[in-house]
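Presented sequentially are two complexes of chain A, the first with chain B as partner and the second with chain C.
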Partner chain A sequence: MPRFLKEFFNRNGTGMGLAILGLVIFWTIGLIILPQLSMLDFSFRPNLPPPEIGGPKDVYTLENYKYLIYGPEGGSQDYNAVDLRVFFRTLVAAVCVTIFNLILCYPIAYYLGQSKGSHIRIFAIMLIIPYWINEILRAFALRIIFGETGVLNTLFVGLGVFDTPFDFIRNDIALYAGLGYAYILLMIFPMYNVIESLDGNQIEAARDLGAPWWRIHWRVVIPYAKPGISSGCTMVFMLSAGALAAPQILGGPSSLWFTQLIYQQFNDNNDWPQGAAYAIVLLVTCILFVLAVMRLFKVNMGDIGK
Partner chain B sequence: MSAGVGVDLENLWIRFGDFVAVRDANVNINGGDFFSFLGPSGCGKTTILRAVSGFLDPSEGKVLIGGNDMRGIGPNKRPTALIFQNLALFPLMKVWENITFSMEIKGASAKERRKRADELLDMIALPGQGDKLPSELSGGQRQRVAIARALCAEPDVLLLDEPLSALDLKLRQHMRTELREIQQRVGITFIYITHDQGEALTMSDNIAVMRAGVIDQIADGKTIYNDPNTAFAASFVGENNVFRGKIKQVMGNEAMIATNRSGDLVARISTANQGKLKEGDDAMMFIRPEAFAIAPDGATGDHFVTARVNHEEFEGNVFNIFTEGEGGKEIKVSIPNHGQSFQDHTGQNITLEYEAQNAVLVPAGELAAE
Partner chain C sequence: MNLSFLRVSIWVYLAIFFLYLLGPLVIMSVTAFNSSAFPRMTPWECLTFQWFGELFQDQRILNGIKNSLIIGAGTVVLSVAMGLAGALMLTQIWPKLRATYYTIIIAPILIPGVVLGISTLVFWDRINRMLGLGADSVLSNGIFLTVIGQSTFIASYCMLVLVARLQRYDVALTEAALDLGATHAQAFRKILLPFMRPAIASAAVLAFLASFENYNTTTFTFGEYPTLTIELAQKVRYGITPSISALAFIIVALTVFFALLNEAKLKRQELVAAARKNATVEELAGKIKLPSFFAGNVAAMLVVIFAAATITVVGTATAYSPDQCIANVKEQKQLEADQRIQELRKQREERRKQREADEAEQGETQSAPKPSNNSGFGNVFAPNALSGDEDESNAEPQPSTNGGFGGAFDPNSLKTDE
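Let's turn to the complex of A and B:
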């Protein structure tokens, strides 16, 4: 038995230890790994009516993946332009949301991490409390703010900034704001955690040696905060690319998010294998993209855990 | 000494809310001097240094560097470089990048920086260590890198905040000599902060003794040791024995003090208090352990003290005799070891003798905590 297991059992007693271990194994294998594996399995099978499942037609195939690229067989176009466009647009938009979030959250995290005093706790609570409200409710609240007769339009038209209400929803501004706001905490807290542990004397030392504020950030704070930055960015990117509620509620009529396509396959078309294939493509692409970016910025996998 | 850039504090007050951290400090530091602020923990030393480097604005008064008022000039624009109490090296930069950070800011090329780093690494006796990370160096080596990083900025004034406090005794003593040598070589003004009187005495041209935000005395080490202004300075710098009493009679530069337990004793009035200390004033007389000698039994007079010996100690170069003193505090006497046979006095009464010259009178005041 490895030492950490022995210690674990000594600490918790054999009965309790076995129970905890069993639950953890059940949770990871039963609730995470097996369902994902069955999705993977689904994605390589044709969509068959229940009687034919397990029958001669139920063979492994790449049809579902081909569909994303080439569209329906005998279709009018060479490529599945609609779905591919949605796919890439989703990725690009998720990258934009992540960058936007980073720019917005870095100063907040820096401020929270480096200033002292009790007002910091109040600030943190003010950031956290809105997240007690359910995600869907928050999205609808943003709709009220950005809607045609919403708070912003009433304000701007009233002030004479616009003549006619501006359609924030059709222009996807509401969507980006919603996505950005949805994951702000996941960006702020990993960065805050790291920046808080940065010795303030280092910032003062850099200043004392003549560095202007931006160079202090560039050379001292950001390199130090890199694990937190990459952890935050990874989470925000993954979650934005996989978001469903915000695009559903805040997206304009013309702009689909790739998750909405997946949802349609599962729900409206009742084509689970097709939906699973789309979901797998999204997942794998996101992981590869994150790994590539980490490589580019020389971030270790271990840093993400910080 | 080369004419470096001096630093002056004029009526400097620093308050944090109602708390006064520095009270009306007036200090003139000559260019090229090694100047120390010496005082116990919490007396405001770091606060003064932060005011000089520009991280703190004075509540009142001025900081002048090279005669120029520094008001409104930020730390990145002052001709000072600060070495922090915890060094604050940049952990993710290599040693050579750390050292030349100030050149990087000015836009020097990597090649120039590398060259300068190598020169400085030679100077601090760490040749070829530029590519290490600070975490790969020992405490003393990191210390020297911090000095090199500060010197690389070519400051007119180097500010050092207890830079040796984290080192062990041996290394600390070695670094004292080294710091002093570096200062003499580069010839710039060093302002050094310490709560260690040995450090201040061995390195400094001049020392300011601080107590709870107030500067008690500014002088060279010898003067502070031999001729302290206040009871605090006398008791904080070096070991000292105190005798309390009232001034009975002033005789020119000397005075007779009626002590509580040793009768009337004579001593020199410290220079700053001559003409001020009057008959009837509460006063304190300080005698260093090494200023005593053992006198023949039965000798009496105004420069003899009798006391019972509690215990003795052999320290190699000196014998220490601890006798009963006032209020539970022992009197310490150090007799140099000349290889004479030494008799154990424990439990006996002995008579001690001193020269009035070597005993100093100051007005009664607060003593330094042990």
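Let's turn to the complex of A and C:
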């Protein structure tokens, strides 16, 4: 038995030690690592009816990944234009949502983090309450607002801004607003945590030395808040790229989200390996993208989640 | 740039921000009380409570709530246990493994829920097949899969909450208990657990809420046990009704109520602590006069106002009947529709008269054998040209007047030998 294991059991006792170790192993290996590996393995296999699984036809193949790039074999097009376009649109839109959220939330996080007083607690409650409401219901609320006879259209037509109701849903405005709305809290909290610990004297010193307000933010607050900003951006990007509820409810009929393609492969086409391959592509691309951006902005992985 | 301008713009920004954040919830809640069959705020028709009645009779929603509660309970137990074990392990693990271990247990927060759902489904399906169990075994049961899938990432949230408190724990306490002859299990139960209780409570609440509102993972794993969120999503995707608003209103109201209650409790603790600190020695020796629950506690007052408002609303709901108003609105709509029909009829009548007058005029001036319309483009642009209801009024055999230039090129006008 390795020394640290012996120490571990000495410190916790055999029974407790076994319980802790068992739970941790079940969680890390049984729930996190093995299912992901299993999905990876599954994505390289052909879609077979259950009796043939494990049979001679059950061999590794790149078919599912080729499908994403080239489309069905013998198809009319060289590339699977529909799925690829959905994939890149999802990534670009997720980046846009992240940037929008960052710009929207930074002033709030700064204000909450740097001002004192009992009203801050009220603001915190007001921030958390929407987050406790069901994701579906939040999307539903936005659909009421952005619908053809919704509040916004009634307002704008009433004011004479538009002559006819504007179709927010078909133009994806509802979708972006919904995605931004869903993850506001995840952007604010990491930034707030960091900015709260920033010594107000630093800001005052910068002000005394004659820095204008935007330079204070650029040179003092933002460099200090970088870990919080990167945590928030990572979470919002990953979650909005992987969102399913908001696109299903708020997305226009013609615009798909990549997760909806995965959902269709699983539930409508019943092609699990294909769906697993798409899921792997989404996961790997998102992780690589996040790592690349973090390297670009010189942020350490260890800062995330603090 | 002066300071007051900055301050005003900050407040304006805050107002817009919270309008974006809370406005949709308010509007959604309000639509629950409008009698319009489509959830909308304008035009306001009648105040009604019928959507709440409809909600409570919806068997699928009730069944979904039941499944959600079962799955939520399972997820809370499993993820708090795994989160606590994970947090304990994090404080003791071999330093070289620590970073890797931390990355692994924090990763499920960042993995998209869709991916977690799929991997859970695929993995347990495979285990099920390897064990040679049928399609109806425990391992392919919707409740089991959903609890497992949700716990994968909810345990990470719990771990973060628990580890924050665990870092303030003094290990010497456990050692003292062990020196005094306690077993490890006793030391855990009597020393560590009581210390961790507040964090465990918040982790459990967090886990339950996360489980209750989860959609992305559950949508792949629920099998034959749709949760409330799944039922809601299906309803919202295939036609929305105000009974969903009614459910949303209940959830919003409960959330606000519990948030205020929690805030009131915290505030009271603070006030009590402050009173203790400021109390004189005599006061401490004698009876310390604690501030009453409501003194200086805005949140507590809000809780009471909120409860009173709820009771009033429920009271009105049982006594109030919107039938009269709904009948009125219906009548109003009927009247409007009637009026519109009347207007249309009138227009048509006028047009017909006009035409008859024209025809009569033509009949007098032109001695053409068959009267025809000589207006610039004939009747093609007359709104009624295509509707067949004129047939009765124009029953007399009349040549078609669909020629581009009215009757001028009408072949009939030249046929005199007929």
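What we mean here is this: the second predicted complex is superposed on the first by the 290 of 306 C-alpha atoms of A that agree within 3 Å, B and C clash if a C-alpha of one lies under 4 Å from a C-alpha of the other, contacts with A are read in each partner's own complex, and residues count from 1 in each chain.
Operating definition for what follows: a residue touches a chain if its C-beta (ideal position, glycine included) is under 8 Å from a C-beta of that chain, and two chains touch if they have at least 3 such contacts.
Quick caveat: nothing in here was measured; it's all calculated off a predicted structure.
Asks: In the superposition on chain A, see if there is space for chain B and chain C together, and answer fit or clash.
Replies: By the criteria stated at the top, chain C and chain B fit after superposition, with no clash.
Asks: Check whether A:215 is in contact with chain B, with chain C, with both or with neither, and answer first, second, both or neither.
Replies: A:215 sits against chain B, while chain C stays out of touch.
Asks: Angle at chain A between chain B and chain C: what is it in degrees to the nearest 10, using CA centres?
Replies: Approximately 100 degrees at the chain A centre.
Asks: Is A:262 touching anything from chain B or chain C once the two structures are fitted on A? First, second, both or neither.
Replies: second
Asks: Thinking of the overlay built on chain A, is A:143 touched by chain B (first), by chain C (second), by both, or by neither?
Replies: Only chain C; A:143 stays clear of chain B.
Asks: Return first, second, both or neither, reflecting whether A:296 touches chain B, chain C, both chains, or no partner chain.
Replies: In the superposition, A:296 contacts neither chain B nor chain C.
Asks: In the overlay, answer first, second, both or neither for which of chain B and chain C A:204 touches.
Replies: First partner only, chain B.
Asks: For A:224, using the defined touch cut-off, is the partner it touches chain B, chain C, both, or neither? Pick first, second, both or neither.
Replies: First partner only, chain B.
Asks: Can you tell me whether chain B or chain C touches more residues on chain A?
Replies: On the superposition, C touches more of the residues of chain A.
Asks: Thinking of the overlay built on chain A, is A:59 touched by chain B (first), by chain C (second), by both, or by neither?
Replies: neither
Asks: Just to be sure I read the superposition right, which of the two partners does A:103 touch: chain B = first, chain C = second, or both, or neither?
Replies: neither
Asks: Superposed on chain A, how close does chain B come to chain C by Cα atoms? Whole Å, please.
Replies: In this superposition, no C-alpha atom of chain B lies closer than 8 Å to one of chain C.
Asks: Where on chain A do the contacts with chain B and the contacts with chain C coincide?
Replies: Comparing the two interfaces on chain A, one with chain B and one with chain C, the shared residues are 212.
Asks: Can you list the chain A residues touching chain C in their complex?
Replies: Residues 4, 8, 11-17, 19-24, 26-28, 31-36, 38-39, 42, 50, 53, 104, 107-108, 111, 121, 123, 125-130, 132-145, 147, 149-151, 154, 181, 184, 212-213, 234-235, 238-239, 241-245, 248-249, 259, 262-263, 266, 272, 275-276, 279, 282-283, 286, 301-302, 304-305.
Asks: Given the complex with chain A, which residues does chain C contribute to the contact?
Replies: Chain C residues touching chain A: 1, 6, 10, 13-14, 17-18, 20-25, 27-28, 31, 38-42, 81-82, 85-86, 88-89, 92, 94, 99, 101, 103-116, 118-124, 126, 129, 148, 151-152, 155, 160, 183-185, 188, 209, 212-216, 219-220, 228-229, 232-233, 236-237, 240, 244-245, 247-248, 251-252, 255-256, 259-260, 263.
Asks: Please name which positions on chain A make contact with chain B in the complex.
Replies: 199, 201-202, 204-212, 215, 219-220, 223-224
Asks: Using the touch definition up top, name the residues of chain B that touch chain A in the complex.
Replies: Against chain A, the touching part of chain B is residues 53-55, 74-77, 80-82, 84-86, 88-93, 101-102, 104-106, 149-150, 153.
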